[in-house]
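Each of the next two complexes has chain A plus one more chain, namely chain B in the first and chain C in the second.
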Partner chain A sequence: MSANGKAPNWFVRHVVYGAAGWITLLTYLFMLLPIVVLIAFAFNAGKSTVVWTGFSFKWFEKVISNRNIIDALEVSLIVAVASAAISTAIGAVAAVAITRRSFPGRDALGAALAAPLVLPEIVLGVALLVFMSFVGMTLGYTTMIIGHVLVSIPFATLIVRAAASSLDPRLENAAADLGANEWQTFRMVTLPQLMPAIFTSFILSATLSFDNLVMSTFTSGVGTTTLPLRIYSMLKLGITPEINALGALMVLANVTILLLVMGRYLPLILKTNRR
Partner chain B sequence: MSTTIKYPSPSKAVVELRGVEKRFAAFTALRRMDLTIREGEFFTLLGPSGCGKTTTLRLIAGFELPSEGQIMIAGQDVSNVPTHLRPVHTVFQNYALFPHMTVLDNVAFPLTVRRITKAERLERARAALDLVQMDAFGDRKPSQLSGGQQQRVALARALVNEPQVLLLDEPLGALDLKLRKEMQAELKAMQRRLGITFVFVTHDQEEALSMSDRIALMKGGEIVQLDTPTGLYDRPANAYVADFIGETNMIPARVVSCDADATLVEAMGTRLRVSGYHGQAAGAEVQMAIRPERVSDEIAEPSNCAEGVLADIEFIGTDLRMAYRMTDGSRVVMRRQNSGRAAPQLGETRRLGFRQQDLRLFSR
Partner chain C sequence: MRRERREQLQTGLMLTPSVLLLALFILLPLCVVFAYSFALRDPYGAVLPGFTLDNYKELVQGVYLRVLMNSFSLAGMTTVLCLLIGYPVAYFIAFKAGRAAPALLLLLLIPFWINFLIRISAWVVLLGRGGLINKGLVFSGLIDEPIGMLGTVAATLVGMVYAFLPVTVFPIYAALTPIDRRLMEAGADLGAGPAETFWRITLPLSLPGVLAAALFVFVPSMGVFAIPVLLGGGKDIILGNLIVQLFLEFRNIPVGAAVSILLLVVSGFGILLYMRALRRVEAMK
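After this line comes the complex of A and B, so read on.
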């Protein structure tokens, strides 16, 4: 709108608004086009990821029958679920303690849990690797899960903390007044109200772990190659539509999870936070 | 839930505060308070915000611990007993219903945490909901209820375990006027029926007068007067009480003489008799108080009257409220029932009568 309150002039209407529209469109294309192309070439009959030669499902069949990929998927899922469960549990307990209790070092604990957020992951990875070889741990599931917990814990804590600090402390007062001891109050009043946030933090932690490449590089051992590590090593041997097919499957899985989360839990989260 | 009618037994104390003091950092919220609340009574803590009434309630509930003194509930010293082990329940101003539970689960909560069997707690929760006429809403979530309905559920939840004392922290504050009046009557009736001691906190003096058996009027962390509603209204202990409860004319006056049954004062340009000995020496400057509805413009007692000019008239439906300017310049408000009798005209001079037993004197 022009400054004098009249309708915008020709220049603003056609050039400025027009440009804004085009920039928005291009931004979306820039973000989504590579994924669309990737998915399209997953159905290519030929071996090329640039030249279209015909429609086929054969690369999907190849992915599903590739033992290495299936093994890597299994590793990724185990690590994702385990590390998400651990960091969500620690995050939830820490978040409740930080928002509900006052104890010496409370602020320091809060800051320490958020620290991995600002440290470069590669530094964390190197530090963890050095520490693990120092204490003599063999690289494998344990080391990788510890590494992934380290990456996802700030996010898990922040999400549950935000939810915990928006809880009404008067509800806990009311529970005590009605005869609930501290544990009953936590289990029956505090925890159920935090469930949407805890679920969100689990999904986010699992996604972060599933996508992780840097930390996995440092902490994986023999037999614990994750899917991103496997894809990275496949790329070294040349790009085939098999990678496109794998990528398409991963996009499908992620979108499904996202829609499930949004459909089921987003309204709940919004409702809990509204007051 | 028992439905036999119980009346307050005047002797038995159910809540006792003995020299209770509560200090927060630099602020003393309660000063050496002694208070006895009797079994089965509707007791109200009344006062302006910051007077310590809510602190008193929180001390009884156990949300705050006293800095000094003892709190007894049903004969037991609970000064250091945690909230969840005290035989009192609270109805909160914001209701504090658990948003993730259904109405029925909310009401059953006090029974659930006491590990009462599912069948029994559902039955008792339904009975409590029935008591507040919310039995049709058991499956709803609190967010699907109106403010008045949430209020009823909060009441049912606090009553389901049959506490010895029910604490109510301005429970009607968020309701609109009509609903508030309805709930006042209902609360009072319920209290009578259940015989449970109610300790009610409010800043609304009308609410306090209409519901309570006894009222403690508080100011600055202390009880100014503890009395029945009529006692508080008709025999205020000092000018603060007279002014806080209802409407009062405060007229400057000077004591002329006094004897055992009456005090003679000079006020509004004339001399008036005030019943009783008020302990003031001749010549003392005092405040004379009279309720607007006790002032009369039909002179029944020609000896005790003063002249004034009608300065303002207000029509309130049931009543007429008239402000007179007296000959010495003081203002006297009188209230008269709208009986259909013609009202005097503005500017008209009238003689106002004051019955000597309706006048009260307070030192200035």
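After this line comes the complex of A and C, so read on.
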């Protein structure tokens, strides 16, 4: 361990490292065990979430035939895709401007775009609600999409900024030397290099939107109940294995998306980083 | 000259969407909330123009003051617990886990794949009278019959720690990994005991991560409203619940606005403290 080959003494090996190890083990049990139990009881035949009475898929059938859940899923998907697209577009353009251009107030804009990360989301939600009724706008898809863009814009900007600042300017110079104009250079040299970051920020923004409860609470209107809002009202009435089945399905969906992203884009991300 | 102008125009065009978004949907709405927090209200809930400090005065009286105290103590306890548990975990992943480190970090992300509410519902079930924890305690003979754990502050706290622990580990881990191990070894070689090495080298160097973690836990935990309702039975409510109730149930917008401004000020204060502490830590190096 030590530079001079001296082994750490007994106290370090057994008490310090040992304690950290035990705490880590217990923490992982604490974090993961509830999820394992939750998914297991999605397959329970009975109506209980604590007493096992046999194996069945009936709660999954119940979920996919529950009109309320399917409607909410549709709303959630629309809002997730729309807000992720808008936030990634705005965030990427701002990120490129911040890393590539000099203009007064550049640092301030960078900080302001990261601000929703440290401002309480509930206050942003309330502010948007008050403002929308102030200007006389009805709550619905538009207000919710704007709200979700506010939640995801810091991530979209930060991810693309990180990628844009690590680009090699020589590649763009080379393109210019070879006769490409500004737009061609951007489209054929800069943009392809930023694509993995843009894709990552889209997926992350969509995920954040899909899981959002706080912003949706204040910005959703009649007929735009998202899945988390639906789950929240279901939970207040009591828990059946239907919730567990829904949770299991969401885990499955997330793992699938993750594998797809990794399969398609991980090689690309690794390649850009190696350079 | 023309090229320069064109470039300026381009930059301006690139900045327009983000500046508009921030100004129109964050800055302006916050100004409206600020103005409303001094406004009057008619008996039917409509906001009347005017200027009064009564909305803020109400906050430091009776019920609202209790909510305020609750919020600070719950957020404080959550932060302390998360740091006490999260630090050793981050330490273990950074220095002891070796090749298992990436897997451990990935495992910590799993909770993010499952909707936050569904994760909390798992705890509602586990802590229930018929839940696994009560059954385990009865089985082991520690208690004679199931105890009511739901609806207590402790249950809320379990949910809060469960929700915020991953957020704690990542910044601390990020601060621990770049620490030059030779510094720690030098400390040991110079005769410092392991506790002293940790206390005087590792901990100060990882302080920025600890501060970031504290900020990421303390501020958002005051705005949470689902956990105190689902696990705490809605008895001990915090600022987040108060805001939801005032805006969506009682329609008392002026007082709700005052609560929101208060939360904003608290988080702004937290950020300032964080930046000052960070500067002091940087100066120490």
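Structural remarks
In this text, the second predicted complex is superposed on the first by the 249 of 275 C-alpha atoms of A that agree within 3 Å, B and C clash if a C-alpha of one lies under 4 Å from a C-alpha of the other, contacts with A are read in each partner's own complex, and residues count from 1 in each chain.
Keep in mind that, in the parts below, a contact is a pair of C-beta atoms (placed from the backbone, for glycine too) under 8 Å apart; a residue touches a chain by one contact, two chains touch by 3 or more.
Just so it is clear, the model here is predicted, and its values are computed rather than measured.
Considered on the superposed chain A, chain B and chain C are sterically compatible, since they fit side by side.
Contact with chain C, but none with chain B, is seen for A:23 once the two complexes are overlaid on the shared chain. Counting residues of chain A touched by each partner, chain B versus chain C, the larger count belongs to C. In the superposition on chain A, no contact is made by A:67 with either chain B or chain C. Within the superposed three-chain model, A:122 lies in touch with chain C and out of touch with chain B [touch as defined at top]. With chain A as vertex, the superposed Cα centres of chain B and chain C define an angle of 110 degrees, given in steps of 10.
Shared-chain residue A:173: touches chain B; no touch with chain C.
By the document's definition of touching, of the two partners only chain C reaches A:258; chain B does not.
Put simply, the nearest alpha carbons of chain B and chain C end up 9 Å apart when the two models share chain A. In the superposition on chain A, none of the residues of chain A is touched both by chain B in one structure and by chain C in the other. Across the complex, chain C meets chain A through its residues 7, 10-11, 14-15, 17-19, 21-22, 25-26, 28-30, 32-33, 36, 85, 88-89, 91-93, 95-97, 104, 107-108, 110-126, 128, 130-132, 135, 162, 165-166, 182, 185, 188-189, 193-195, 198, 215, 219-220, 222-223, 225-226, 229-230, 240, 243-244, 247-248, 253, 256-257, 260, 263-264, 267, 271. Within the complex, the chain A residues that touch chain C are 1-4, 6, 8-9, 11-12, 16-17, 19-21, 23-24, 27-28, 30-32, 34-35, 37-38, 41, 48-51, 89-91, 93-94, 96-97, 101, 103, 109, 112-113, 115-116, 118-124, 126-131, 134, 146, 149-150, 153, 157, 207, 211, 213-214, 217-218, 227-228, 231-232, 235-236, 239, 243-244, 246-247, 250-251, 254-255, 258. Against chain B, the residues of chain A that register as touching in their complex are 168, 170-171, 173-181, 184, 188-189, 192-193, 271-272.
On chain B, the positions that touch chain A within their shared complex are 61-63, 82-85, 88-90, 92, 94, 96, 98-101, 109-110, 112-114, 143, 157-158, 161.
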